[in-house]
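Alright, structures below, take your time with them.
Presented sequentially are two complexes of chain A, the first with chain B as partner and the second with chain C.
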Partner chain A sequence: MKNGNRSVMKFLQSDPRALSLLTLPAVLLFITFVAFPIVSGINISFTNWNGYSQEYSYVGFDNYRKMFTDPQVWTAFRNTLIYGFGSTLVQTILGLAFAMLLVNRFLFRGVARTIIYLPAMVAQLIIGYIWYFIVTYERGALNDIVALFGVDKVDWMSRGFRAVMIIMMINAIAYCGKTMIIFIAGLESIPNMYNEAASIDGANAWQVFRHITMPMLLPALTTSLVLNIIGGLKMFGLVVAMTNGGPGYASHSLSSLINSLYFGGQQAGYSAAVGMFSFIFIVLVSILLRRYLEMKEAQYNG
Partner chain B sequence: MRRILVLFFTCIFMLSSVFAGGAKEDQTSAEGGLSGTLTVATNAASPTYDAVEHIVELFMEENPGVEVEYTTYGSDYENLMKARMAANDLPDVFATHGWAVNRYAEYLRPLNDLELSKRISPSIVDTVTTDSGDIVAMPITSEQSGMIYNKEILAKAGWDHVPATLDEFYQCCEDVKALGVIPVYITGKDTRNQANLMDIMAVSFLITCNDSGDNADRLYDGTFDWSKWAPVSTFLSELVKRGYTNVDATTADPIYTAEKLAFGEAMFNYNNQAAIADAWTLNPDAELSMMPVPGLHEDDEQIWIGGERECYGIWKDSPNMELAIALLEFMARPENVKYVCEVAGMPSGFADVSPELRLTPDFEAFSDLKTYPYFDREWLPSGMWATMRTIGGALTAGEMSIEESCKTMQDSYLSLMAQQ
Partner chain C sequence: MVDKKKKSKLKTRWNWLKSIIAIVISLFFFAPFYIILSLSFKSRADRTSYWLFPENPTFDAYAYALDKGDIWLAICNTLIVTVFSVVLVLVLGSIAAYPLARHKTRMNKLILSAFVGVMMVPPLSVLVPIYRELVMMGGINTFWGIILVTVTYSLPTSVFMFTNFIGGIPKELDEAALIDGCSQFMIFPRIILPNMAPVISSVLILTGVSIWNDYSFQLYVLQRPKLRTITLAISSFFSEGNTNMPAAAAATVISVLPLAIIYLCLQKYFVKGSMDSAVK
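Here is the complex of A and B:
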């Protein structure tokens, strides 16, 4: 018995095939929760399945053809770009500003970092519900503040584009703490000798930031941009909690539209086609963005 | 190695216990009473939910060996039920909310062999009966709806009768607005409210009006001209444009409806009787009532909209069939049906139960009017409700034209008809 045990241990420690065996749990999880749903989604996207019946038929590329002329999809696509790129822009500016401020030592620095990071630990749906009660017309906190200045109450979320911009800003404010942490890690890894050398050479604060801090922060910026853009492009919880895609379908993201088409609209096949479009788009954006930023890093590193 | 073996056998023992627990048990305990666990799901809100929950508790008192998990999924109910239908894994007993035949029938156990099926009110039994004659659900309460209104405000606005036509309705809204009261209260955060408004008005505008022609037949066979939907969208759009709705109609939360109705801040609202019962819990003196749907033209008839309301069916593959039947039979007892109807403020779904409702005299004043089903339940394919919610929200916000709303309805209708 002991000999058998030893031979298993020996196999695991020395045989290269054992390494493949050790990846088996991860591969199984990937197949179950990623590969299978994608293949199943591709299959459903060619059907007219209503999402619950045991019967459906194949309709070829009808769902994909319909997608390109459906105003709902294009509105959701435009909004998704705003949620993805708009949020990332604001988030990066805020995150970098907070990081520059909070990288220096001062009293309560830890408390300040915690407060800014705290919302990033809360689920998007919960953040959405909290903000809903701030911007709502009836008894909303924002309207109470507006009323203090003698201005009439505003129904903030009643206009489509305004609702989109508000959701984008809330996403940026809520998750700028995450960006800040990434930048703080990046800033702390910059050796102090560069700053000292620059100050001896007479560089001002902007020159130090432009020619030392920013290039050295590029790896952190790459991580942060990719994470934030993918997060924004997958926006779901905030939209559902604050507007449920409305008014009409004006504030839908592609994710919330997919959900709405699948369950409410009973068009699971069409919804899966939109899902495939969204999946391919996010993969493309991440690959292109990563390549671009890696190229930039290589340029700066000479 | 011995330690590993002990661990292995412990795991096997634990797993076998788990699977033994999952196996089908005899639902009759040693003492002869029923035993087991039953899951029951609904979309009902207070006060209907509270009333049914009370009946479920009485059932558990009478059957101490039975545990009933009674849950409301609220506005997520339809989505969750669709996911569970796709997985063919449904609650033992579940609410069918007007879709017993067109959506849930293939998952429901026919109830024809149960005595309770013979007692279902003849006026609504057809709405829970399939083409093959299977009665697939049991309606505890039924519905007779039109528009909720406040009698006191109506009188203050100088009206001695409820508006009978569309023109009268607009005039009434104008008079109510002059009093500083919101004529029509819309809660657009949950666009089911606008969809409900259109679902009710569409029957009057497209089916029962004197120039409806063959609209009904064309809706059934998929050849309906969707430009004819325009009056329904226009009605909602006009309410907003003329300032007859609340300022926050696009985003108002339904939780405020009871308060607005109870304290006379709003005149009309599109909801069923349960909303009145809810408002009366805040202010029992509120002079609220239900009026029939106005006709489109002067010589059109006023109508009621009705059908089943709190209605339950049994999943045909339920492993707890005996318990599920026992629960339905318990719920159907006349005293229990009466209790639910009176708490919910809704008419009974059974012919032999006459609840004492505060609204009964008001309904009797219009007893000669006909009752029609909701538009989407009868004349549209399952799934159009979501489209009506989308266009309802967009029209309220002024973000969609009437033509676009007709086109959206048409696209969705054709797509869903093709699934059938």
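Here is the complex of A and C:
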């Protein structure tokens, strides 16, 4: 017994593997609230559970079969792609433009940086509520501007696809500050002598941008793309605040659809199936994206 | 000489143009905030355009929001959840990162990539099973329930950033301490931790902001009105029955203000946090 104690002590004191015990709390949390829910989510997705009752039965692949013919799911899927990739495109363009404008010192540069980044502090849900006052039909701030031009008031969020595009744009505008900061960090890391050398060689602004700035910004571009795409594909709060998925189900993202199937429709089994679909889809996109961007970077550097 | 003068004159002009563009962009980005601010000072009967600042600003909307909406309670609840979660994320994340950064065994690599994978999981896709699990554990409508779930999903970013940072601290420091008779478990608190201030501030800010702003987990776990956090309290002002728009705007202003003030004071650290999270 005594001997056993001593070897435990020795293991703890000098074996580097003992240090891995420090990861234990984090690993336990991971098992309890990530691994276990994923397994139990797969299980629930094969049932017709309604979310509260004790009884439910296994229905095989019914939920998945239903999912692939359900226009709600397809619409939400299409919208999720728009929220993910469309928003990232706009965010990248705006972020890069603002970064190029605001990288060098001039009057009001600091103010502009501060204000562009400010909405990134605000929850998606609250961004949605703030913009609600702008795009709402009655007394909406945007309609006041439209009226100045003598045009009739527009019910901006009343058409599905338009609502989706507006939500996408609001997301991009609200969170392009983060992208801008990442690009500013990237621009500041480019040694000034590169630009000077290029201008001595007679390169014009476009050539400098194309052959020096862009390649040097590639790491910043990679990280901002990954962050924005994954963030956009998870879109939830903004949709809930602006349209709650409406009109009908036309502006749902996968996340907000899962929420409304569960809370509104009491279809926990079906909701879990859609959840598994969105989980697998996003993980797949992230892995492929990382692979692709790493390959691109290697190409540029090699 | 002349050429240089011409160039600098051109540069000043270009800088003025940039200033003007910057002002226009700033006005555009500030407009939404201006609208809720001006609306929050209006009376309920005031039906003027949202663009117009009220002629007689009142605090009625704020009084109503604080009184009817339990905003103070919501701020306290949010503070409790955020502070406890952030402390746990910092402690658990940093101690887990140390072995992950120092001993790249196969198991540790697996643990790290599993954590990084969690960053991709959309909360909503697993909320149904998490909700069910918490019901079984008795964790619905409890602070420990929301804190444990929040910590789990905030840990990956912190483990990732801590691991990267510790990886940049020379290993020779550890070895020298070991030779001096420091036990291996004491190296982290004695040698590594004192060097981690910059990354700790970044993780603190990043996770603090994201937990303060969380909506999805809180929506499911904290359903009792007394436990409502800010995002949940605000959403009740925008439910379909409510027509008191100035009060909704006031509640929004109150909820945005704390973070906005902290951001304006500690801007440098917020920007640095954002940059640190982007470094691979």
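Convention: the second predicted complex is superposed on the first by the 288 of 302 C-alpha atoms of A that agree within 3 Å, B and C clash if a C-alpha of one lies under 4 Å from a C-alpha of the other, contacts with A are read in each partner's own complex, and residues count from 1 in each chain.
The working rule: a contact is a pair of C-beta atoms (placed from the backbone, for glycine too) under 8 Å apart; a residue touches a chain by one contact, two chains touch by 3 or more.
Worth saying up front: this structure is predicted, and the values here are computed from it rather than measured.
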{"item": "First (chain B), second (chain C), both or neither touched by A:137", "value": "first"}
{"item": "Partner chain in contact with A:265 - chain B first, chain C second, else both or neither", "value": "first"}
{"item": "Partner chain in contact with A:247 - chain B first, chain C second, else both or neither", "value": "first"}
{"item": "Partner chain in contact with A:115 - chain B first, chain C second, else both or neither", "value": "second"}
{"item": "Comparison of chain B and chain C by chain A residues contacted", "value": "C"}
{"item": "Which of chain B and chain C A:191 touches, first, second, both or neither", "value": "neither"}
{"item": "Shared contact residues on chain A - chain B and chain C", "value": "51"}
{"item": "Residue ranges of chain A touching chain C (in the complex, touch as defined)", "value": "12-14, 16-20, 22-23, 25-27, 29-30, 32-34, 36-38, 40-41, 44, 51, 98, 101-102, 106-109, 111-112, 114-126, 129-134, 139-141, 144, 173, 178, 181-182, 185, 219-220, 222-224, 227, 230, 233-234, 236-237, 240-241, 254-256, 258-259, 262, 268, 271-272, 275-276, 278-279, 282-283, 286"}
{"item": "Complex interface listing, chain C residues touching chain A", "value": "15-16, 18-19, 21-23, 25-26, 29-33, 35-36, 39, 47, 49-51, 92-93, 95-96, 98-100, 102-103, 105, 107-108, 111, 114-115, 117-130, 132-133, 148-149, 151-153, 155, 159, 183-185, 188, 209, 212-216, 219, 231, 234-235, 238, 245, 248-249, 252, 255-256, 259-260, 263-264, 267, 270-271, 274-275, 277-280"}
{"item": "For the chain A and chain B complex, residues of the former touching the latter", "value": "1-2, 5, 48, 50-54, 56, 66, 70, 72, 136-138, 153, 155-160, 243-250, 260, 263-267, 270"}
{"item": "Partner chain A, residues of chain B touching it in the complex", "value": "1, 78-79, 81-83, 85-86, 88, 103, 106, 188-189, 191, 247-248, 250-253, 256, 382-383, 385-387, 389-391, 393-397, 399-400, 411-412, 415-416, 418-419"}
